[in-house]
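Look at the two complexes coming up: subunit A is in both, with subunit B in one and subunit C in the other.
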Partner chain A sequence: MMTTQVPRRPWLQRWHVKPIGWTLVILILLVASSRMTGVDVGMFFNNLGQFTDLLVRMSQPAWDYLPVILHPLYETIQMAILGTTIGATFAVPFAVLAASNLVHNRWLRGIIRLMLDLVRTLPDLLLAAIFVAIFGIGSTAGVVTLAIFSFGMVSKLFYEVIETIDMGPLEALESVGANKLTIIWYAVLPQIMNQFVSYFLYTLEFNVRASTVLGYLGAGGIGVFLQRSLNEFNYSQTAVIILATLVVVMAIDGISNHLRRVLL
Partner chain B sequence: MDKTPIISFKNVNKVYDNGTVGLKNINFEIPQGEFLVVVGLSGAGKSTLLRTINRMHEITSGEIRVEGESIKAYKGRSLRLLRRKIGMIFQNFNLVKRSSVAKNVLSGRVSYYATWQSILGLFSATDKQKAVQALQRVSLAEKLYARADELSGGQQQRVAIARTLMQDPKIILADEPIASLDPLTTKTVMDILKRLNQEDGITVIVNLHSVALAREYADRIVGLRAGEVVYDEPIADVTEADLNRVYQTV
Partner chain C sequence: MQTTISKKPATLTLWRRWNWLLWIAIVAVIYTWAITGLHFTGLQESAASVSRSIVHGLVQPDWPYVYNGSGEDLVSLILQTLAIAFLGTIISSLISVPFAFWAARGGKEWLHVRSGSGKVVLTLIRTFPEIVLAIMFIKAVGPGSYAGVLAVSIHSIGMLGKLFSEAIENMDRGADEAITSAGGNSAQIFMLATLPTIMPEFISYTLYRFEIAVRSASILGMVGAGGIGTPMIFAIQTRNWPRVGIILLGIVLMVLLIDTLSEQLRKRLI
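Moving on to the complex of A and B:
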């Protein structure tokens, strides 16, 4: 009988040295960082009772509160749509300029990316605080905040999508004698459109959730009511607000899934 | 027959940034209306040679003339006008797969329009007719509204040829146009290229791996090895033994 001679595995692979080593390193880092920052994991479990207490108090939603929050919820959705649309629109040209497969000038790309990093570094709460100070309490501040925040997030997602496209059609359009803008329009956009839509909707969903928090700072929308109910310890109202927001998020998620299926 | 050269290479060299020699002292002329096949191993410089003609690749030294004019100094608009009269066919077809066949074919015409016109898709009725005619020439008119990725490989390559026809090219460069096709579609695609050569008088330059195909379609065969022209004969003088020499490994 013939037996095939299997080459011997090196001992590094045989004893899975690398994966085991990395797991150990990560575990040690986790434990060390929680020690250093004074995070007490035990406390989480000891105080779990308070959390369940909160859940119990929220378990009887005050449904009669629902008509009151419908209008602010509507306003929140409008804010999110406006903010996301403005942010995403501005993100497209910046994403193109930041994509390494379209812009070969390293300096230009570097400056654009630095700018985008800066925008992303600003926390949305800080932005909201600034714009409430500038525009006063109301949804204008909220929309501007969401626009800038979406711009930072979407531009990064967009340029990463652009960097994965098939370069063949670009070469073909270049050989036809098309200029840069035409090449982007004919060969780049069709390749990325459906992922753009998908990321746009993800950001929209994110912004609906974010704008509830922004309301805390007076940036309009449902967040104002969330803050009020929490301040009054009226958890049955809080529950209604959370559930209503959940419905909106689920609806956007459904639309997003459907569009992705259709567009793919 | 007296034919003026449409393309001429004079002492053309290409050295890549990392020191690899791409092309070495290339000297030859291509008469108008010729069907030229370039053969050679992978990495012999066939693709590079082809792409120097429409300046998709830059050369290091020497001179290339197209229609008697040196193409070295072309920039911006003049470079786009050069590329407009040179169609190009690729191994991977390079269609925009998510776009319709119509849009892919019309995209071959964009260099005849201002940017805003092509972006808004404002093609003239004549050019839309022309797109249908181009598809008829490759027998695919019924696929006008299909999405490019619904087509088979051979059909996609024919759409790519239709796109090239929209340029009204004087020269067609085909870089391994049949490398990803089966034998039957290979024949269809090569026959179309031959017909464009004979009926429209388009100068066609094709890179091929297959010596048999080269002998079947070419007017003239040029062999490349390690960036050098090691063989250059009209089809009447080509022998099997000669071609084997091109494929010697050393």
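Moving on to the complex of A and C:
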């Protein structure tokens, strides 16, 4: 016999306490944060004229500016390549030390991971501002910024890859008495090489995007010219810079995506 | 038939045996280009002393700046940064939904005009530098955190729209079909099947994007769009390293806290 009685729902579910609670929390946060940031929808639409004027000026790119920015564009890519390479090289030993299947010392691993977490919290432009103060205006500051930024990003991606490897070959080498370095060289590296290269390319894509604005604070590359054109209110030049950056970023993304698909 | 089969592997092995040389050559050319192209102006003579004073400032931060009740102290500005990130992410997550449905691919055909055009638009938004957006909005609404909110909300559409559209492409269509077969119209399908199915993923991606927005909100102030970035860039320019130290500490703690919270919430969602 089938009962037609509907199962009784607990009080919490019947009155939708959880969803209503979350909605309330979000609404309160929304109101509080719009108060704090002084959001004024009316003001945006009142000044929309200025914004559209800016867009109109940007929609007429000054193409004769293109030859001027070609060299800084190259410099941007060069900065990204060097920065990513330096960062990734330093990331490898740290990734090995942070991987739970290779390093069994919990304290060492914890300290290394905490250090990597701390490095990852710093936004790229903030690093650039500090390194410009140290190294002076120029691409050196940009390369160092990108190196540190990619170090944080790559080391995490790398140790997550290392943790997924098949332990069989490692145990085989260990059982015949190989030392740690031999094990890493013959059992770990062949398993992770392709993914390492793939993540390296992914970080490179990311860094090309990032390096286009680093120059805004004086860290070399196309960003220097971006800042100059914006300061001079020369928006038709800004438009050329943004469009050229877009082409470069899309080209690098395309190449890197293709290579990564071949690798994996 | 026999000949074609035996012919192909032979050429392949020749290519396979030697293509690493080509790759090494390409990589070598790229690196030579990258290294010779950059002018390393060399270290400034002051680099060592500046680094020393930075370390000194980091070790002895400007503690009184943490809270002094003026509204221009570290705690207030960190809260303002979080407010920028929060509002921007919420606004952006709402605008991203239609973009996601625009860019999501329905069928399996190679070229899809609607989805393709949506994807291009999302890529354009994603590549447009956030600080340029911030500067443009400063022209419209004046310097301050409102411009930051607008910049974060528009820039985040690029990434959220992409993640959302991928979630839609990969979603389980069982619930949709069930409602279709019961005679539901498309509004009912959307409200009762599509939305509940993808909601957890949407919320999880929004939280993830919030983590990124917190980082960008903390640097947008460097161009005048509110938050902690403004006092940071002032402190760096005036070489006030104890102040830089305390702000850095504040940003690191804020980002760590938000990342941990958001990670816990996301783990519970999926």
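We adopt the following convention: the second predicted complex is superposed on the first by the 205 of 264 C-alpha atoms of A that agree within 3 Å, B and C clash if a C-alpha of one lies under 4 Å from a C-alpha of the other, contacts with A are read in each partner's own complex, and residues count from 1 in each chain.
The definition used in the following text is that a residue touches a chain if its C-beta (ideal position, glycine included) is under 8 Å from a C-beta of that chain, and two chains touch if they have at least 3 such contacts.
Everything numeric in this text was worked out from a predicted model, so none of it was measured.
**Q** After superposition on the shared chain, which partner residues are touched by A:Q5: those of subunit B (first), subunit C (second), both, or neither?
**A** The answer is neither, since A:Q5 touches no partner chain.
**Q** Going by the contact rule set out at the top, does A:V213 touch subunit B (first), subunit C (second), both, or neither?
**A** Touch partner of A:V213: subunit C, not subunit B.
**Q** Pick one for A:L226: touches subunit B only (first), subunit C only (second), both, or neither.
**A** The answer is second: A:L226 touches subunit C but not subunit B.
**Q** Where does A:G138 make contact in the superposed view: on subunit B (first), on subunit C (second), on both, or on neither?
**A** In the superposition, A:G138 contacts subunit C only.
**Q** Based on the superposed arrangement, let me know which partner A:L122 touches: subunit B (first), subunit C (second), both, or neither?
**A** In the superposed model, A:L122 contacts subunit C only, not subunit B.
**Q** More residues of subunit A in touch with subunit C or with subunit B?
**A** C
**Q** Is A:T245 in contact with subunit B, with subunit C, with both, or with neither (first, second, both, neither)?
**A** second
**Q** Should A:N179 be classified as contacting the first partner (subunit B), the second (subunit C), both, or neither?
**A** So A:N179 only meets subunit B here.
**Q** Once bound in the complex, which stretches of subunit B touch subunit A?
**A** It is residues 54, 56, 79-84, 86-88, 90, 92-99, 103, 107-108, 110-111, 115, 118-119, 160, 163-164, 167 of subunit B that touch subunit A.
**Q** In their shared complex, at which residues does subunit A touch subunit B?
**A** 166, 168-169, 171-179, 181-182, 185-187, 190-191, 193-194
**Q** Using the touch definition up top, name the residues of subunit A that touch subunit C in the complex.
**A** 26, 29-30, 32-34, 36-40, 43-44, 47-48, 50-51, 54-55, 74-75, 77-79, 81-82, 85, 117-118, 121-126, 129-130, 133-136, 138-140, 143, 209, 212-213, 216-217, 220, 226, 230, 238, 242, 245-246, 249-250
**Q** Where on subunit C is subunit A touching in the complex?
**A** Residues 30-31, 33-35, 37-44, 47, 50-51, 54, 79-80, 82-84, 86-87, 90, 123-124, 127-132, 135-137, 139-141, 144-146, 148-150, 215-216, 218-219, 222-223, 226, 229, 232-233, 236, 239, 244, 248, 251-252, 255-256, 259 of subunit C touch subunit A in their complex.
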